[in-house]
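First chain A sits with chain B, and in the next complex the same chain sits with chain C.
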Partner chain A sequence: MSIKKFAVAAYDDEAVLFPAVKKVRSAGYKIHDVFTPFAVHGLDEALGEKESDLHIAGFIYGITGTSTALGFMGWIFTTDWPQNFGGKPHFPLPAFIPITFELTVLFAAVGMVLTFCYLNQIMPGVKKHIFHPRQTDDKFVMVIEVNDTNAAETEAFLKSTGADETNIQIAESDWWYGRFDKKEDYEIQQQLA
Partner chain B sequence: MHLKYESTIREALVDGNKSYHQVTEDICRPIEGKPTKLWAIGFWLSVSLLLFGIFCVSWEVYWGTGVWGLNRTIGWGYDITNFVWWIGIGHAGTLISAILLLFRQGWRTGVNRAAEAMTIFAVMCAGQFPIWHMGRVWNAFFVLPYGNTRGPLWPNFVSPLLWDVFAISTYFTVSLLFWYSGLVPDFATLRDRAKTKFRKMAYGFASFGWAGSAKHWQRHEMLSLVLAGLSTPLVLSVHTIVSYDFATSIIPGWHTTIFPPYFVAGAVFSGFAMVQTLLVITRKVLNLQEYITIGHIEAMNKVIVLTGSIVGVAYLTELFIAFYSGVLWEQEAFRLRVLGPYWWAYWAMMTCNVVSPQLFWFKNLRRNIWFTFFMSIVVNIGMWFERFVIMMTLHRDYLPSSWSYYVPTWPEVGFFLGTFGLFFTMYFLFAKYAPVIAIAEIKFILKTSGQNFKDKMNTIEEKADEHFLEEQLSHH
Partner chain C sequence: MLNQEFKVPAKLKTTSMVLLGIGVITLIAGVIFLLFSKDPVEPMRQLDQNRFWAVLLQNSIFFLLIALASVFILSGVSLAQGGWIVAFRRIPEAIGSVVWVFAIITGIILLTLVWTDNFHIYAWLKDGYNPHNSLNSLKNFFLSKPFFTVWTILVLVLWSWFGIKIRQLSIRQDSEPKGTTKTYWQNFNVSAGFIFVFALSLASTIPWLWIMSLDSHWFSTMFSWYTFASSFVSGMSMIMLWVLYVKRHGYLEIVSNEHIHDLGKFMFAFSIFWTYLWFSQFMLIWYANIPEETIYFQTRMHGPYRIFYWLNIILNFVCPILILMPRPNKRNYFVVTLVAIIILVGHWIDFYQMVMPATVQEHWKLGWFEFGIVCGFVGLVMYLVGNKLTTAPLVPQNNPLLKETIIHIS
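This part shows the complex of A and B:
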């Protein structure tokens, strides 16, 4: 939780954004984040982000489900309360497959979605600063953290990369609990100033 | 990187010259406007149907399952027929969103949101039937394997009925997660456009605070891909397990290995028909013809004619195997299906499912809205009769003195109507308050499959190869 100063640039199209990201990075600026209205393929690579490891988490949750199902049913049928169902064996593996499969999928899906929410820090009731009201509509917004000395220069540089809107914003860089219909204190102060 | 040539045969998936902003406008407009009179009438009709259903179910709970037309011979009637029918309808959504995603079928993007919503609502309806069929419904939680003081007595994990509990609850949960994870960014779009305080708050809550960071989108893509991979075998497993309810029993006519694939094909068949029924109306009412094009409708009609033919082959195979097996009971069960007291149900099924969908081999019928709508209803009726025919195999068993004839009573019919109320109530709410088309996904395919992209291709195709390559490489 910290309030910082940012230079913000909004681009019209991903075709303008890509060269801009390249220029900004090669000029030595560190990009805080880029917000896009949809998943732009190749942007993560252009920003130097590494591949997501979410699928590995999914695999681990999946095998947890598999072993939970097999272990639990096996324990019940062989140890806790062995019963005779039509002379079938106490550990009938083929008949355990359906539930084992379902639990594998259930654990993997639920676990992955929760991990996804945790990694992205999203949850009902969470609020984040929206740098441009149309960043979820049609604007591609690049944000660079600045200080008092380099703010104007950074903004000018962003303008030169083809942005059609640039400005300086003081904003919370992290998430917080809040409602989108209410303005936060620092937002009100900024408006007054 | 774009390809240099564009197919002249493949239709655009988004018609008209759309910008990203125009896409948002088009899809959000019905949500941001006031509900129309037509919507209000439809919604309240559905709610009253739902209330009537609740009354019929309460009646059944109060008096017991004796108020239904079931008897000792025919223990499964309307309730299980309707259960299998609804769960079958619930198969199209995940097929469209998961399997077609893995197969890289671009046209799924226009229809997946609504189809998935339909899936979730259909599974909710389906779930009602086995629950209320339990009779002493307050003991429904006995199907869950929880620590108890009854022995400890565990559910029977090798019973297909218990597999159903796991399969359907998993299917519902995973479909819901898949659907909602796609909705989160679109709710964020609605939130940032919201004018009123209440909408800002409600969509802010529903959007989980999504901002659209590049890293988050990367994880979102990964999540969608893995969920699609998980849902693909899942959707096939669910109706397979439903078919085990019948196939693992030793009733002649049910005890067949053809059931799993035949059920899955039938489920996809009826599911696509229901998607057509809903979308043909939705696209018109919400003015989304440019996103759900005739091309989309034709693609779904192709799936209908394919799965309809698979179902037809399965019906004929069943008859042949009954004959070829040489088993007297099996032969008699099928003779009774075709010519017995329920012959009308069998022939209704044959006409609606096998004969009439064959008309979709004609291109101009596949692309005809009115015909598509009419056929979607016919297919749904046919698939309902298929389940009814299977259920009514019970009407004659080994003992002639217990032969019977089943007619549903009013609480059963009312219960079925009530699930329509539930389904349409949910669908009306969804169509009014959530984007019926995945906004972010449409924007993603706009520049590769939209009409404006296709129009631009002429100038690109005229370029020299080296020039084109150089341009593409400098781009990224």
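This part shows the complex of A and C:
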């Protein structure tokens, strides 16, 4: 949680955004984030994003589900409450497979959704600073973290890459709990006090 | 770049010729030593004959069905108007257009078996074979000489025709003016027709008729789907091997990691699909525990075919799922080649354990005859497909989806 200074540029079109991303990266700026109204194919490669580790988490959740199902059913039917079902053994593996499969899928799916939400900081009650009100509508917004010395220069550079509007914003870079923006939140707190 | 004529590399030519030679010599030796076996013991002579026919039956059906898988994937993707396959379309087309050769071989073997009343292979051919356990009347119609003959010939002709037609249409499009889509839509309709034929043949009746009837008193409605899954995943592996081979020799530059990744996904997903069907068939029989059904798994799970039963699960499920699960592995040419070979071997074993217990009982042997016949069929595939590939440019230049396939991201 920290307040930082950002140079923000809004583009009209993904065809302008792509060359801009390339120019900004080759000029040596580090891009904080890019917001687009829809998923743009190839943007993550252009941004140099590494492959997500989400699927490794998914694998771990999956085998957790597998071992939970097998362990729990095995414990029930061999130790806790052994019963004879149609003369089958007390640990009838083929009969356990469907349930094991379902639990594997359930654990992997739910676990991955929650991890995905956590990594992307989207949760009920979680708020993030919005750099441009139209970033979910029709604008492609690129954000670069700056400091006091290079702010003006960065903004000018962004303008030169074909941005429609550019500005400098001082904003919270992380997420926080609450229904309102940080500033509004603060004002409401003041009024209540 | 977009007009490449494939030349059969000298090495492929010699290898395929050598393998074909081994196959033909083995076949002749098989006729001499197995079909006209001189074993002094009568039951052993019978066993040699059964081994001869069963191996031919298994291999011809296996190679016919994995070649047919190419026609199926082409039809399916054409109907879905998928662009990803267009980059290497000519390879499944080439495989599909030689289906007729395997159809003729399979047809000769099947009809010889049926019309020589070889009830040691197809027990249902013998009238009153077991009067206390006879087939019911509907099944008697299904498992009868006339129906078997008519349906087999009809299906083999249709498969061959569709395999050739789909390639013909695709090649015709190359010489048509740019931007016309008439042939493309014609191909769409032919594909729809093939899916219909396929649903009534391989996806339902044909595996019952050709393979399941070896155990004529045992039945499973899952059997056809299970056989289809087996042949389809092997067919995708064979396409993968051909694409990588052709690409390695400097052709198919528009095939990128993305297309290889897609093929790898098919191998991965359909290995799981095969396991799902195999297990569904197994679990119901295991759970119900009815003797006339469990007899099928008795010989395979606990009897002399134990090793194939476990190899089946390891090679066709455990290996593909664990090796192909990480994304980078599906884009690594060495890994996908390795898994493609594992899958082909695994499903050959799957077909082996479908055919053998009913025909040679516990006396299975993986000897010179099996090895030689497999070599012959592999050589035949290499020779036919390699030659077919030379007869048309490797890139379908006028396909409306060509641009889509070049910029394709999996």
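Everything below uses one rule, namely that the second predicted complex is superposed on the first by the 179 of 193 C-alpha atoms of A that agree within 3 Å, B and C clash if a C-alpha of one lies under 4 Å from a C-alpha of the other, contacts with A are read in each partner's own complex, and residues count from 1 in each chain.
In this text, a contact is a pair of C-beta atoms (placed from the backbone, for glycine too) under 8 Å apart; a residue touches a chain by one contact, two chains touch by 3 or more.
The structure displayed is predicted, hence computed values, not measured ones.
**Q** Does chain B (first) or chain C (second) touch A:A7, or do both, or does neither?
**A** neither
**Q** Which partner does A:P124 contact after superposing on A: first (chain B), second (chain C), both, neither?
**A** In the superposed model, A:P124 contacts chain B only, not chain C.
**Q** Report for A:A95: first if it touches chain B alone, second if chain C alone, otherwise both or neither.
**A** both
**Q** Examine A:G87 and indicate which partner it touches, taking first as chain B and second as chain C; both and neither are also allowed.
**A** second
**Q** For A:F18, is the partner it touches chain B (first), chain C (second), both, or none of the two (neither)?
**A** The answer is first: A:F18 touches chain B but not chain C.
**Q** Figure out whether A:H55 sits in contact with chain B (first) or chain C (second), or with both, or with neither.
**A** both
**Q** Name the contact category of A:G42: first (chain B only), second (chain C only), both, or neither.
**A** Touch status of A:G42: both partners.
**Q** Once the complexes are superposed, what residues of chain A are shared between the chain B interface and the chain C interface?
**A** Chain A residues touching both partners: 41-42, 55, 88, 95, 98.
**Q** Quick one: in the complex, what on chain B touches chain A?
**A** Answer in residue numbers: 19-21, 24, 145, 151-154, 156-158, 160, 162-163, 166-167, 169-170, 173-174, 177-178, 181, 184-185, 188-189, 191-194, 197-198, 200-201, 203-206, 208-223, 225-227, 230-231, 233-234, 237, 241, 244, 439-441, 443-444, 475-476.
**Q** Mind pulling up the chain A residues that touch chain C in the complex?
**A** Residue list for chain A touching chain C: 41-42, 51, 55, 59, 86-88, 94-95, 97-98.
**Q** Quick one: in the complex, what on chain C touches chain A?
**A** It is residues 279, 282-283, 286-287, 289, 325-327, 409 of chain C that touch chain A.
**Q** Mind listing the chain A positions that touch chain B in their complex?
**A** Contact set of chain A toward chain B: 15, 18-19, 33-44, 46-47, 49, 52, 54-55, 58, 62, 72-73, 76-77, 80-81, 85, 88, 92, 95-96, 98-99, 101-103, 105-106, 108-110, 112-113, 116-117, 119-130, 133-138, 175, 179-181.
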